[in-house]
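Below: a set of structures, written as structure tokens.
Each of the next two complexes has subunit A plus one more chain, namely subunit B in the first and subunit C in the second.
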Partner chain A sequence: MSAPTDPCAPLLARAEALLEDLSLHGVAAWKAAHGGAPAIGIMPVFAPRPLFEAIGVLPVNIYGGGDRVDVIKGDAYYQSYICHIPRSTIEMGLGGQLDALDGMVFPSTCDVIRNLSGMWRMLFPQKYSAYLDLPQTFEAPLGGLFYRHELSRIAAELVARGARPLDADRLREAIIVENRRRALLADLASLRAREPWRLKASEAYLLTRAGAVLPCAEHIELLEAFLAAAPERPVRAYDNVRVIVLGAFCEQPPIGLIRTLERSGCDLVDDDFQLGLCAIDGAIPLDEDVGDQSPLDTHDPLDALVLSYTLRGQATATRYIADGVKGEALVNRVRTLGAEGVILAAPSFCDPALLDQPMIEQALNDAGIPFTSFKYAENSAQFQTIREQAGAFSDSVKLWGAA
Partner chain B sequence: MSTQTASLSTPTTARAAGPAPAAKDLSQQRQKEMLADYFEKLTRAKEAGQKIVYTFVPGNLNELIAAAGMMNVLPEINALQSGMRGRSGGYITEAEKHGHSEDVCTYVKCDIGMMLNGNIGPTGTKLPEPDLLLLSYTGCFTFMKWFELLREHYKCPVAMLHVPYQPEGRITPDMRKYIVDQLEKSIIPALEKVSGRKLDRDDLAARMALSSKAEDDLVAVWESAKHTPSPIDGYFGGVYYIGPIFSAFRGTQGAVEYYRELRAEVEERIRLGLGPVGPDGPIGPERHRLVVEGPPNWTSFFDFWRMFSRENAVVCASTYTRVGGLYDLGFRHDPDRALESLAEYCLGCYTNLGLPSRIDLLEKYIREYQADGFLINSVKSCNSFSAGQLLILQELEKRTGVPGGFIESDLVDPRYFGKANIDNRLQSYFQMLDARKARGYA
Partner chain C sequence: MREHLTLGIDVGSAAVKAAVVRSRAGDDATVLGTSIQRIRRRELREVIEAAIAEATGGRIANEDFDYVATTGEADAVEFRTGHFYTITAHARGALHFDREAAGALDVGSLHARAIRLDPRGKVTGQRMTSQCASGSGQFLENIARYLGVPIEDVGELSRSARTPEMVSGICAVLAETDVINMVSRGISTADILKGIHLSIAGRLVQLVRAIGIEGRVVVTGGLATDTGLLTALQECAEGGGARKRPGKAVNVQFVTHPDGVLAGALGAALLGAYRHRQLEESGRLAMLMGGAEVGG
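Up next is the complex of A and B:
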């Protein structure tokens, strides 16, 4: 008798092919099919994709070269004590792998990405290059207005380079489509949390990351198709430890590392790998009542986009937590998802993730939640040590409920 | 930025390691007294009901803090002082034992280690705890994480001033307005709430007028290094000169007097044809004129300086001495536009400039100060400075034809100061400069 076929396999294969398309052939094809419309790379972590889609620009989240780009030229630009993603990104730029892009946007994630924005400007003067200063104050008249100016500025600069003018109706439409995606990503997340054997973390990763290079409507098709087919997957439940992974929001772990964690007795029921697509909790509050946010108003789609960040941005390492308590969001997430532990996985030399870590550990300790931590690089090839560490962690959680 | 430390520890350190130190100038004596007095006041602050603000050097709002009746404590300065006093290694180890990664900024770990060890300041007495953490988020992402960490410990309020970055080296009206609005709606109310009194805006304007006077004289001191031989060292010596203005004294009469005296001393040195004074006394005839990018190493500050002074290499301009304000590009605190001018000050600090602007500035220094070399000291701790410095090196060599040197160290982690290695590199670099000169390159 032949093994039952997985109806989701072709969808996952497509998503994996997108991950492996380092030379952005798909982006080039999109441009050709859209009369040469601009495509813009976005470095981690976050820039609001509907803004770009509304002006006819394809936003493409760039995550460096992972473990499949040999970095030679990129190393000439960085000292050994700087993380890996900027060097592989430069390598790809100099090697022509990012030629399909008409420019890059560098959000204010950390000093490395900030300085990379200037390097990019110098290394690729013919391309568009913008720094997006995300606000660190979240009151509507302060950070809200500033962020609105930032978004308007970037849109205007792209319009001057061939994008469509920013129009309220088209932005409204793009937000409605984005909200549909957000709902599907939430469905995906809850399926994974409910039945992690039906949707593994590595699969959720591929499906989510596909949205980094696809137009939103196409990503929606992929997610809908997966969610429709998922109940028919041949699966077998495992008795694994339920863990959340945190800290890997910028430089991405190799997919092999995520699979290694899965094989070490852990069900990764949540993570922040693709924070760029998931940095907002819930929907963009278009036309919603969110209380007085004057001078901003959710009936204005650009204001709604701004408020989605100021009001609903996730508590991440790159965002100032004004009145909140560090680690509180994670502890709540652990409780809500019934997770039994946390893996703190940070890229080596990643300032935001590593500076956050002691505060996160404190919060976990205070809440009695077991955790373990390790560092990786996007081009890590040896996972044995991590497998042993994660395996020992899951065993100890199973046995004693604490690491 | 380093003046507090330097003034307090130079004589002992230099004496221990070499010939007798040079006699103190009037300005040095004054600085020493100012600092001693300030730390004395800090020690008694709590009993005197004085509110304390912890804040950072770049983008500091000293006039505003003082006009609100409060005193500042600058954690970077505490960290570098710990570095110079040989304490930082232990503090860093302590912080790492408490879960702080070996990969991150050693200023942060040194400060946390010092806090865990009782927060004993440079004068050997306990520093007062903060009543407010004023997080001026200028030019360095780590500042934000640093104060998040301190907030966990001190459980005191934090006031966040988000200063936008200048990616294109240009201040836009939106940027300025954003900061002014934050000052009006968030920062000033936070200061008033903690201090329990209304901000005195006349006092603020008066302080800014004093700042401007001191800034004029500081610029004259910087520009004296365009003279050959340079009467000052604009890096190792420069960190002493920035002390008052980068720390608690900008906007005070004391700073005005300090910089007036310093300027007069420097002008006198020019008149007498004298070069700078090094760690072991006057530096011999000027052999190399350098521009330096990046902060110094503090744990081996004098050893590091000697590697230059021994070769009669003088640093005529440096970017580190501009992290607390780029006055030589024309900025002055303006009493008539107090908040706008504070906004421009915060925006204009060196590490808040995009990389292309940093390169333009370095190129300007190399040309205007007629440097025959430039050197990058790349510190492991500081991505804000270091990420991109290898491109800076390439680009400056291409633009100016002046050869660059590149060394790596750290701010306050003694494990990352490889003395022999750095010395070898510098000696080779100076030999190369000599060889170039011998071949007729200016």
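Up next is the complex of A and C:
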């Protein structure tokens, strides 16, 4: 008797092909199909995609070269104690793999990304390059207005380079579509937390990561198709430990690492691998009543975009907020999802992620939640040690309820 | 407490081991059947099926087990209930062989691991050989083949050595070169084998020392029944062994069991029973079994 076929397999294969398309052939095809409309790369962690879609620009999230780019030139630009993602991004830029892009936006993620933005300006003077200063003050009259100005500036600069003028109706439409996508991503997360054997973390990663290079509407089609087919998947539940993985920040773990964690007896019921996706909690509050946020108003789509960031930002490593808030948020997530432990997996030399870890560990210790931690690089190829560690951790939690 | 019928499957790099155990949550265990199937060039699924068929005597269906526990590279065992990591399974297996065990030394085909455990069998520390193959069973098997000695004769032949010749303990490639030189110099097979055993044992005792095990250490895995290695381990533990560079003594007694090679499979089966009771008590068993075969 032949094994039952997985109706989701073609969708996952497509998502994996998008992940592996480091030369952005799909983006080039989109541009060709849209009369040469611009495509702009966005470095982690966060920039609001609807702003770009509203002006006819394809936003492309750039996550470095992963484990498939041999970094030679990129190493010349950074000292040895700097994370890997800027090196591989430079390598890809110099190697022509990012030629399909008309420019890059560098959100204020950390000093390394800030330096990268400066290098980009010098290395590719003919391309658009912008630094997006995300506010760390979240009151509407201060950080809100500042952020609005930043978004308007970038839109205007792109319009000057051939994008469509920013129009309130088109932005409204883009936000509605984005909110639909966000709702589907929430459904995906919910399915994974409920039935992690039906949607593995590595599969969820591929599906969400596809949204880095696809227009929002196409990503929605992919997510809808998966969610519709998921109930028919031939799956099997295993006696695994429910674990949350945290700490990825902007440098992504290789997909092999995620699969290694799965193979070590863990159901990864939640993660923050693509931190920008969870930078905002819930929908963009278009036309919603969110209390007095003057001078901003959710009936203005640009204001709504701003308020989604200032009001609904999640307690992640990208935010400079009071001690204890992030730990408390994680403990609440653990409780809500019924997780039995936490794996803290941070990129080597990632200051923002690693600086948060002591507070996170303190919160987990105080709450009696078992955890283990390790570091990785996007080009890690050997996972044996991590498998040993994760396997020992999952067994300890499963059998003895402690790490 | 009711009895649990569990199956443990240990998929190693050279062999698949299976054990059928009846126990009360892992205690009062009776081993009903076992199997060791060399993989050689066979398809892995076929080997696993053969191991299960031999261990069960063909009388127990997969669905009749309360828990099917795997360890090792067990992705191919799709009907498993759960998976335990190698060191966890070997720790439990060691405790099954010797209730006083303070540690286990799993010497397999590709890796060796020293495991420190508490009286429950919980792993409290572990250390594994790193990249080199010279501490592994595969290396010893290769050397035995080069020397024309059946693997089952290696232990006793090694024990008959009078003046063992040390080989490189660092690198399998260098060690093999050492062996070729020894053969050309007319060194006896027994002395060569003893030298290899001492070389491996020296590395393994370092692992045991590194994680601070004291007391009885059960040797498990593919080399568990190699009497030559066991003798060499004890000699190294007592500070002897390596003739040129004697190591510091460690307070351990290496012991073994005729079924030591089955420690992973037995340990997995016993942990499966323990886990089954946990799941029953927590009310999660129904959910797990309810979702065991859905969709499609």
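By definition in this document, the second predicted complex is superposed on the first by the 399 of 403 C-alpha atoms of A that agree within 3 Å, B and C clash if a C-alpha of one lies under 4 Å from a C-alpha of the other, contacts with A are read in each partner's own complex, and residues count from 1 in each chain.
Keep in mind that, in the parts below, a residue touches a chain if its C-beta (ideal position, glycine included) is under 8 Å from a C-beta of that chain, and two chains touch if they have at least 3 such contacts.
In this text, all values refer to a predicted model and were calculated from it rather than measured experimentally.
In this superposed model built on subunit A, subunit B and subunit C occupy separate space and fit side by side. In the superposition on chain A, A:298 makes contact with neither subunit B nor subunit C. In the superposition on chain A, contact of A:208 is made with neither subunit B nor subunit C. For subunit A, the partner with contacts to more residues, out of subunit B and subunit C, is B. Contacts of A:380 after superposition: neither subunit B nor subunit C is touched. Of the two partner chains placed around the shared chain by superposition, neither subunit B nor subunit C is touched by A:308.
Within the superposed three-chain model, A:274 lies out of touch with both subunit B and subunit C [touch as defined at top].
When the shared chain is aligned, no partner comes close enough to touch A:89: not subunit B, not subunit C.
Measuring from the middle, so to speak, at the Cα centre of subunit A, the directions to subunit B and subunit C differ by 100 degrees in steps of 10. Of all C-alpha pairs spanning subunit B and subunit C in the superposed arrangement, the closest lie 19 Å apart.
Overlap of the subunit B and subunit C contact sets on subunit A: empty, with no shared residue. Note for the complex: subunit A touches subunit B at residues 76-79, 81-82, 86, 108, 110-112, 114-119, 121-123, 130-131, 133, 135-137, 139, 141-143, 145-146, 149, 153, 317, 320-322, 326, 346, 348-352, 354-359, 361-362, 375. Those residues of subunit C lying in contact with subunit A across their complex are 67, 75, 78-88, 120, 122-123, 126, 128, 271, 274-275, 278-279, 287-288, 291-296.
Those residues of subunit B that touch subunit A in the shared complex are 98-101, 103-105, 108, 135, 137, 140-142, 144-146, 148-149, 152, 158, 160, 162, 164-165, 167, 174, 178, 181-182, 185-186, 354-359, 378, 380, 382-384, 386-391, 395, 408. Of all residues in subunit A, only 4, 195, 197-198, 231-240, 263-265, 388, 391-392, 394-396, 398-400 touch subunit C in the complex they form.
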